[in-house]
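Each of the next two complexes has chain A plus one more chain, namely chain B in the first and chain C in the second.
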Partner chain A sequence: MFVCLLKVSICKHACPFFPPPLVGDIRTLQWDTDPSVLQLQADSEHGRRMQRLGASKITQVDFLPKEVVSYCKETQTPLTAHLSEEEEEEDEEMMEAKSGPESEQQDEDDNRENKEVLRELTEEERQQILHSSEFQSFFECSIRVMERALAEDSNIFFDYGGRELEDKEGDLGSGSSLSFSRLFYDEHWSKHRVITCLDWSLQYPELLVASYNNNEDAPHEPDGVALVWNIKFKKATPEYIFHCQSPVVSVGFIVLWDNRSHRRTPVQRTPLSAAAHTHPVYCVNVVGTQNANNLITVSTDGRMCSWSLDMLSQPQETMELVYNKSKPVAVTGMAFPTGDVNNYVVGSEEGTVYTASRHGSKAGICEMFEGHQGPVTGISCHSAVGTVDFSHLFITSSFDWTVKLWSTKHNKPLYSFEDNADYVYDVMWSPVHPAIFAAVDGMGRLDLWNLNNDTEVPTASVTIEGASALNRVRWSSGGKEVAVGDSEGRVWIYDTGEVQIHWREAQLSWWPSRWVHGNEKSHQ
Partner chain B sequence: MDEYQAEEETAFVVEEVSKIIKESVEAAIGGNAYQHSRVNQWSTSVVEQCLSQLSKLGKPFKYIVTCIITQKNGAGLQTASTCFWDNSSDGSCAVRWENKSMYCIVNVFGLAL
Partner chain C sequence: MAEVEETLKRIQSQNGVQGIIIVNTEGIPIKTTLDNASTVQYAGLIHQLVMKARSTVRDIDPQNDLTFLRVRSKKNEIMIAPDKDYFLIVIQNPSD
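Coming up: the complex of A and B.
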């Protein structure tokens, strides 16, 4: 070791015989070795030392930029489509020019390449391929199929029509009951986020979209997240993940995400302008038919906007919802009766409910319904279609621990359901059964009320273990499942063992006599 | 046996160095928000603190300490580094620290004497 040090200093200096003592050095110096021997040893030791050196691993630090959202057109077509077209044209031109003189040479090269051994790709090339858009799109599609295949023990190529028939045969529902089916939770995206809205897809009834508020524990993650879950397959990860810069309070149309593009950020977005909404948009509804539809949104400052999905840069019409020409209504919930595109009901922060219409001589707020003692959290219009028209009935839930049943023809509630002991956060009629609705409250309770059975207590009730407050409840379009979102980012799916259609017809004739004429005895 | 002991005392211990870096960063910029006027003194104090703690370890190493403080403004950041050294005795340690308004990246390279 000592000799070693001596040699290093010798190599540095031109005169190797008496190297100066190194300042602050711990090791002692030896002087009795022949300089020439030292020189020889120096080289070999030095050489060995050099051979011991090698390259270390690369340490990298990577922080992703915040995606800046900016749009200057009303509709944004994907940029990559344009660019690739241009590139293709250019390539074609170049190919034609080169083809003449170089064709011979190219043939030779090709032959040579075929004879060459395939060389391994460098790290750079690998990364390039992995990040290319073709690979990304292929990968996105195939990982979904693979995940489903891995999670599923049944046939993943099963057919819709076949599945529905099977379910109906096995359904022994003789009333309403709640049984736990699934829990949707994503470690990365659902954690520490409150569920703000749920919606089932009309086109694919097994798809459910849930929107999430911001994650306060992770300030650099996007503020708003929407996940699309699939109840058909057993895989436990979301089908699609979408990000948004602001917390999402109602899903998913104020910002339009295009499933087909591979970006995870919104494709279109309404601008924040005085012409549209400047307050949080809590209610979003699509009304109309599949081909001719409008998006209606209402914000908490009482402004209602109607949008066309083709042009989100400005609303088609706006209206201030004002009752009796005084201050605007702070709307927290909105619902359209089935089949109606003009008249609707809204619930407000003050606890009052209003009917309103979009067009006509009485456009705007029509009537006021008083009854709740706290802000209205959820409002749902009767939706089951049958021989008798119940579309004038709607139910509301509120912070005052009650759910109330109303008719648009009377401005006092027809009935008040008072079985809850906490804020009732959401309520929704069953889309198929005329006497059933679901309600969720802040104690983690999911109630299923069947008005044919009992009006004092819910017919089926379940307190979801481990859940805190339940924020949203949504029936699937078939009425067989109920999706519940809680304040910790979890989506619970419950099967309701829904009754068959023919039962419904039998019940309808009995129902009106009990309710429509019951307003004199209505409870507050 | 002496050799082994000698090796432990003269090896680059990543955990130890990492701990020193984290303490220095916390002490220097702990609960502060990014301020351009003070960032200068923060980065120098981080580097000086790290270096003095490392030299107090008494190991026969040469140290190189770098510190990067970036404001969180939506920009992306990418750094990379690699070394040509003796992999058995030399080492490096990188610590990434962040709060709501800034990132701090400290790199320490230790080269055995």
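Coming up: the complex of A and C.
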């Protein structure tokens, strides 16, 4: 910045060059031989003199450029005074332009000045903030919401007038009624883990929890992982992630996660004690109503425990499942018929199926059903509620490549479905359609059987590309989707649309012929 | 914190996400994936906007509170998740 000075010299009229020194004046005249310095020569009391203005030499003075407001990490203490002055100027200008209330302006001033002050401590403060629990909980909640919002690609400006709207309804019905919907897979938590269990939430039908076995490639990661996935939103990451020290549903622990707390480790876990389970727990079922419910678990050593969800330190009751009072049953699957909290069926490693009761005179194992030639992998009780009670029917899947249909009233299978060429790992009745069930096998095949259509081959079948062996299959509570878990940590969601449309009027219209002859009174 | 970093990186790599800023109630950016100048600009402006939006919602119904704010413009979309103590701001370019 340059400033030009115009030197003003005041000289007496009489002597333009050498004004006489005036003694006794308050101001003294100063002689200065250097013409580049400002000379101000005061008027004397002797009256005004004529003032002669003349151009003087330009004086060049450099002013440092105005400090740019920058937030660097060094201390800015000497300059804060400057900056606050500048901001006050700017604020004044803004006040003229805006007609906002004055308090707002003052707040802004304060904010800006606070900004200046806090900026110096920011690095440490930042770390502090990032580590605080408030921040963590804020971050978790808002990131979840944000991811959902990001995933929705709703184009609200879309103009339908320009192109035909694809008729999606027409696709279903022709050919297979299984259509791929979603794939849930998390790079970090699903990789190299086998899916051990799937379950849909009753309270929020769009939520699905999948439990995973341990990751052998990553020994430092927690052994057990459970992820909660949401099919309602398009985001591809799990809603919640839970860890557990042991592979989930595989070693003798049963744990309960509290979704409300923000911790990722189990809130409660049952102790590994002789009173509870000491063998892998493969079956977990919650029975009862929403208010009065119990957690029933069975481990492979034949012990069944009933727990109250409020207190997991000790089971409410235990029972050893032994057949004929001698042989403990190695349970691999358990199922309760709809609405029944006392009687249930279990499948065992030897391939036999048993019915059992929790209470009553015949508490324990009641009857034995033989038929499978290999360990029973999955067991499912008929669950669709309709005009006829089919709750005595249940199906089982086994390593012997078959799925068998049983009734609790007969100890031989009613029918055997033999369309698979590999171990059948899981089977489940549809919760809404009385004649439909799904099965998955080790070749990556998902089958949908509709007994009203055909009992020789599945009505719909799909081999999931990229899947190795399918471990688990679970229908959603509405019966519209099927979740399939595979041995590599992937959860596949398939829509079963068309098949379900007429379920309300559907009945199981097919009976195995020998049963019709045997039991007239059961036949509708 | 490493998890926060990871999560931010993951979101940043998603389709169309231009930047993420976390601001505290005073308008000071705590974490950001944008350059300093833009961060400061966004933080200051958005902070005012959120305050105005929040007071609007509350004036209409004192029992109500602002939960999410989405500003859609021609070129991009700014999504703000406000909380008691912090805001999460994500700038996205919806590609389709």
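Quick note on the criterion: the second predicted complex is superposed on the first by the 349 of 524 C-alpha atoms of A that agree within 3 Å, B and C clash if a C-alpha of one lies under 4 Å from a C-alpha of the other, contacts with A are read in each partner's own complex, and residues count from 1 in each chain.
Quick note on the criterion: a residue touches a chain if its C-beta (ideal position, glycine included) is under 8 Å from a C-beta of that chain, and two chains touch if they have at least 3 such contacts.
Every value quoted in this text rests on a predicted model; they were computed, and no experiment measured them.
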| item | value |
| --- | --- |
| Touching partner for A:Lys66 - first (chain B), second (chain C), both, neither | first |
| First, second, both or neither for A:Arg52, with chain B first and chain C second | first |
| First, second, both or neither for A:Val388, with chain B first and chain C second | neither |
| Contacts of A:Leu150 with chain B and chain C, given as first, second, both or neither | second |
| Partner chain(s) touched by A:Met311 [first = chain B, second = chain C, both, neither] | neither |
| Partner chain in contact with A:Ala218 - chain B first, chain C second, else both or neither | neither |
| Per-residue touch tally on chain A - higher for chain B or for chain C | C |
| Of all residues in chain B, those that touch chain A in their complex | 60, 70, 72, 74-88, 90, 92, 94, 96, 98, 100, 103, 105, 107 |
| Chain C-facing residues of chain A, complex | 71, 111, 114-115, 118-119, 122, 126, 129-131, 134-136, 138-139, 141-143, 145-147, 149-150, 153, 155, 237 |
| Interface residues, chain A side, partner chain B - complex | 26, 49, 52-66, 68, 219-220 |
| Chain C - residues contacting chain A, complex | 1, 4, 7, 10-11, 14, 17, 22, 24, 26-28, 30-31, 36, 40, 68, 70, 79, 81, 83-86, 88, 90, 92, 94, 96 |
